[in-house]
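Chains: A, B and C, in written order; residue numbering restarts at 1 for each.
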Amino acid sequence: MKKRKPVRLGRTADTAVTYALLLLVAFVFFFPCLWLILASFSSSGSIYSFRGFFPSGYSTESFKKLFFDTAMYDYPKWFGNSLFIATMSCIFGTLLTILTAYCMSRFRFRSRKALMKTTLVLGMFPSFMGMTAVYLLMTQFNFINNHWGLILIYTAGAPLGYMVQKGFFDSIPGSIDEAARLDGATNFQVFCKIHMPLSMPMIVYTALTSFTWPWSDYILPKLLLKTKDKWTVAVGLMSLGETEFSRFAAGSIFIAVPIVILYLCLAKHLISGNVAGAVKE
Amino acid sequence: MRELIKRADGRVTASMLVMGLGQLLYRQWAKGIMYLAVQAGYIIYLVTVGARDLFGFFTLGSVESNPWYGIEGDNSVIMLIMGVLAIIVTVLYILVYISNIKDVYATQKRVEAGGRPKLFREELAELLDAKFYRTVLFVPILGVCVFNILPVVFMILVAFTNYGGDIVPPALVDWVGFENFKKILALGEFAPTFFKILGWNFLWAILSTAINYFGGLSLALLLNKKCVRGKVFWRAFPILAYAIPGFITLLGFKFMFSYGGPINHYITEAGRQAVGFLDLDAKWSARVIGLLVNAWISIPSSMLLATGILSNAEQSQYEAARLDGAGAFQQFRHLTLPFVVFSTTPVLISQFIGNFNNFGIFYFLRGGLYIDGYFLASDTDLLINWLYNLSIDNNYYAIGAAISLIIFIITSVISLAVYVSSPAYRQEETYK
Amino acid sequence: MTRNITALVAHALIIAVLLTALGVGSLARDDAQGQTKFTGELERNVTLRILENDTAKEKGYFKELLDAFNAAYAEYGIVAVDANMDQYTDLEQDGPYGYGPDVLYQANDALMKYTDGKHIQPLPVEKLECYEQISQQAWDAYTVEYDGEEYVFGVPVNIQGPLLYYRKDLLPEGWQENWDREGDGVPDMVEYWTELYAYSRLLREESGGAKLGYMKSLFDPYFSSGFLFSYGGYVFGEGGTDTGDIGFSAGEARKGARVLRQLASAMNQDCIDDTVTVNAYSMLANGTYFATMTTPDVYTLFIDELAKEYMRTDGLDEADAYARAEENLVAADIPKLPASGDLEDRTGETVESVMMGGINGYAISAYTRAPNAALAFVDFATGYEMISRRNELLGIAPAREDVAEKVGGLSETINADLDAGRIAVMPSTRAVAQIWTPTQTFFSDLAKDPFRLPEEQKYLSLDELQRGLENVDAQIYSAIHTLN
């Protein structure tokens, strides 16, 4: 009994330090968000009627304005547009990225290494230099001012980020595949029945990132969407006048909502997927 | 190839003449019709726009349009990009053409060996198994070709034209060869600024990648500890930061550090002089703020990533290690770190590239400054910001393209070298 | 073997021949003959997409304009609608591909950068009703010479020039005795920069920095370069057309730079970045600032903030608060500068301020399918009635002199300023885009200077200021010319 005491003490200390660190992290990440939340409840539109980090008066006016005063700034409409674009891009983008990564990890074919190097190099290109080209292409395909044009670009660009997922698949032991193939499964079945469930955390990660990118992108929608009824939230928010700060803050808060909800829905999958268990079976 | 030409029989010849014909002669109807459709499609493409586009690539237009009088002329830039597209389409056509010949020749060999032509059903099944990767990779590669490679090729080509300044459509653009590169080399102010910015750019990319990577990893490890209860809750805070779009965060931080912002409010309230965290004298404080803000934006996503990857680490190894009496640190040093480094080297490289080309951070935090000693740039600008000043802001597309080509060659050689020598590339099979 | 090679070659040949024949065919084109677009005959049953600015929409003016126009032209089936785009949308990017608006309302420098690319249509302005009523200076901003012929590309609507906004109720008690040398009923501190400077310092000293006099984000070239122009500086030579001659350091512009530095020393550090630009609305409302400089189009924003403040602190109802705000917020002409360029010199000669301004107007996209209907719209929108209404609702200074004369006040002053050359209209050339960053950098350097430690200050003498300005000119020159 005597011997175990220091261990327990050490463990308590460790737990205490851990929680202290967690609190610190939570504060660092939460504080700027809190500031934004407070700002959105500010009674004055301007950010400069603040005393330091805190507004001088509070009201829910800006939220009411955000959702009901839509003559100039149609936030609900923009929100819907963003949601549509991001959801579609997320579904297609995740599918393509995961499949690409899977193939690059599991198959050995002739042009594989060349493809890997090319994709790496492609990322080095300054993206805005290509924007002109993308814009011109979209005018030729008649995809300007059209949400599907954006979805097409986001989806097409998503597989370029396959490296992360490939790294993940690389770390799944090949013995699992072998076993399944001995049972007569095709590659397609191996992917659907074995890798998909195992890579849930990676799929969740991919889904989150491929949702977030179109959701918070500003440059492409600004370039391609011309009329205000087609705009996304990001473009719309940036067009707000300079005295509309609290409306801007309120809009920014609501931008975060879908991503947080998405995270909460997917959170439990983020840490499941137990390879060790799969091997034992 | 030579063997193919020597030994191929009449049906192969038929396919050489018209795609899909040989397959049809073998009664492979579905496949034959598909090849035939590609053949017809390409010819229709040529007749309608393809031939015009291909020629346009070389001429870049001859009739200047004049909207004042409703004269529709040539748009050189469109001609350039559609020309590149026509070349890509033609290359794809040639690839399909070759596969068409190989396919029918393979059938010939099968029949010669006493087999029968494959049924369409069998080929479909093959696409889901042995050739699964082809089925899957077709769409992504097509997408990447059109929306990523095409723009890059376009931009490289622009470096050899006089596009920019006053020469933008409706004016006609022309090929100028290496003129732009000569201009850049002749410019005395160019080189010193370039190397100053390049140095800072590398420093920035290395520091920010390291901070974000280890920050995210430590956070993930912290949250993975057994003693932490309510992981979903604790992890939600960084997620919240992640959920707010980057440009909003940047505008928020810019305001926070501005003269009228809350931080200076407390400084002046304490009776001190306001500090110009981001103003024109603030070289290093602006750089440090840039690093921190970037960390705030990027750590959550690298935490998510590390969490996903850690979930894949084999617990049995840890158990074994614990039984051997390894402490927490030793476990981290010998099990977790090698594992995570292995599966994230590609991520590290793509993060490095992302940070190297991080346009937004200083554009939003500290845009609109030209500092003495720099040619149209400020001391926090990265190469990409400088490029933006030169090309988009100042409208010199061709020069901008030439510079980015130079930058691109330097950076891609370096990162390619790192990647090729990394364990993730050389020893892909370690954990299999 | 021969058979196979023949087949391969034959295939390649067919494709190649097809390609060459069609490709060469596409090169031969007949030169299309152009014709003038303004035939005077209205296109029927067309929809015109109009780009207006956000304030006009917010205040309901745009809707009134559309309704009135649509009612008047209903018999032709012409319908004008809101283009519903970003007010700064770039016609150069959208127009050639058919996405731009038909009629645009933007500032003259924004509109005139479209002319080289022929994106906007030269207009037969002498046919318009407003032609006689608009001064030559305003038309000049929209006139460009091509091949020896002059073309007019836009119709001026309102003049944007800076004004001094101040709070009448914050004037010191008994200003009539102490701050009105001439006894003309106008406080000296809004008539002379020297007095405004003195009053600002006094306010700051008395309140320990809690209250300030004149405040402005000095880095903003739109407002700060006027001080250089007042002493002989200019943007480009030859009336704004010679981009090889950059004149921010010309004449005695250094004196203007010294004035700016002195003004900064009477403010606080908020003048270095864009803090004041954004907070002026609420700071003027809560009485922290006494005065600021800005354009007429934001007048209503100041009134809104001030009225809100009155409602909050004094518990007035909305109507009273607005009445009081309109009574107390005064927009005045820019004060006079000391000829010596020294704000401490309160008794010397004075010179008029020259400020940078712009002229907003309508232009017609060269890609519109209904140029005549679009011209009819412009004619309608620049008519006496619509411009008067625009002035009423938006508080802009109309370019039509008959309206300006009728409403008097500020509108008349600004028109007079333009005629007398006290508003330096932004040059109508694309190269204007290059002046912002260099000047912005210099002005924020200058604004920061008084707040530096004494041994680190850079701009103490006129020579040092001159060198700084010459550096600005050099930077702009290289931005425009080195890479061309």
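Criterion: a contact is a pair of C-beta atoms (placed from the backbone, for glycine too) under 8 Å apart; a residue touches a chain by one contact, two chains touch by 3 or more.
Owing to the predicted nature of the structure, the values given are computational and were not obtained by experimental measurement.
K.L.:
Could you compare the number of C-beta pairs in contact for A-B with that for B-C and name the larger?
P.N.:
A-B
K.L.:
Please name the chain that ends up farthest from chain A once chain centres are defined by their CA atoms averaged.
P.N.:
C
K.L.:
Could you state the distance in Å from the CA-based centre of chain B to that of chain C?
P.N.:
39
K.L.:
Please report how many Å separate the Cα centroid of chain A from that of chain B, as a whole number.
P.N.:
Result: the chain centres lie 17 Å from each other.
K.L.:
I need the residues of chain C touching at least two other chains; which ones are they?
P.N.:
Residues 275, 278-279 of chain C touch two or more partner chains.
K.L.:
Mind pulling the chain A residues that touch 2 or more other chains?
P.N.:
47-48, 139, in rising order.
K.L.:
Pull out every residue in chain B that's touching 2 or more other chains.
P.N.:
Within chain B, the residues that touch at least two other chains are 260.
K.L.:
Given the complex with chain A, which residues does chain B contribute to the contact?
P.N.:
It comes out as residues 77-78, 81-82, 85, 125, 128-130, 132-133, 136-137, 139-141, 143-144, 146-152, 154-155, 219, 222-225, 227-228, 231-232, 234-249, 252-253, 255-256, 260, 262, 265-266, 269, 296, 300-301, 304-305, 307-309, 311-312, 314-316, 339, 342-347, 349-350, 353-354, 356-357, 359, 383-384, 387-388, 391-392, 397, 400-401, 404, 407-408, 411-412, 415-416, 419-420, 424-425, 428-432.
K.L.:
What residues on chain C touch chain B, complex-wise?
P.N.:
Within the complex, chain C touches chain B at residues 1, 3-5, 7-8, 10-11, 15, 18-27, 29, 31-37, 92, 95-96, 116-119, 121-122, 268-270, 272-276, 278-279, 366-367, 430, 433-434, 436-438, 440-441, 444-445, 448, 451-452, 471, 475, 478-479, 482-484.
K.L.:
If you look only at chain A, which of its residues touch chain B in the complex?
P.N.:
Interface residues on the chain A side: 11, 14-15, 18-19, 21-22, 25-26, 28-30, 32-33, 35-36, 47-48, 50-53, 96, 99-100, 102-103, 105-107, 109, 115-117, 119-134, 136-137, 139-140, 152-153, 155-157, 159-161, 163-164, 166-168, 170-175, 186-188, 191, 201-202, 204-205, 208-209, 212, 215-218, 234, 237-238, 252, 255-257, 259-260, 263-264, 267-268, 270-276, 279.
K.L.:
Tell me, which parts of chain B touch chain C in their complex?
P.N.:
Counting only chain B, the residues touching chain C are 5-6, 8, 10, 12-14, 16-18, 42-43, 46-47, 50-52, 54-56, 59, 62-63, 65-72, 75, 97, 165-166, 168-171, 183, 187, 189, 258-261, 264, 273-274, 276, 278-281, 368-372, 375-376, 389-390, 393-396, 399.
K.L.:
Mind listing the chain C positions that touch chain A in their complex?
P.N.:
54, 57-58, 83-86, 89, 93-94, 97, 99, 275, 277-279, 281-283, 286, 301, 304-305, 308, 312
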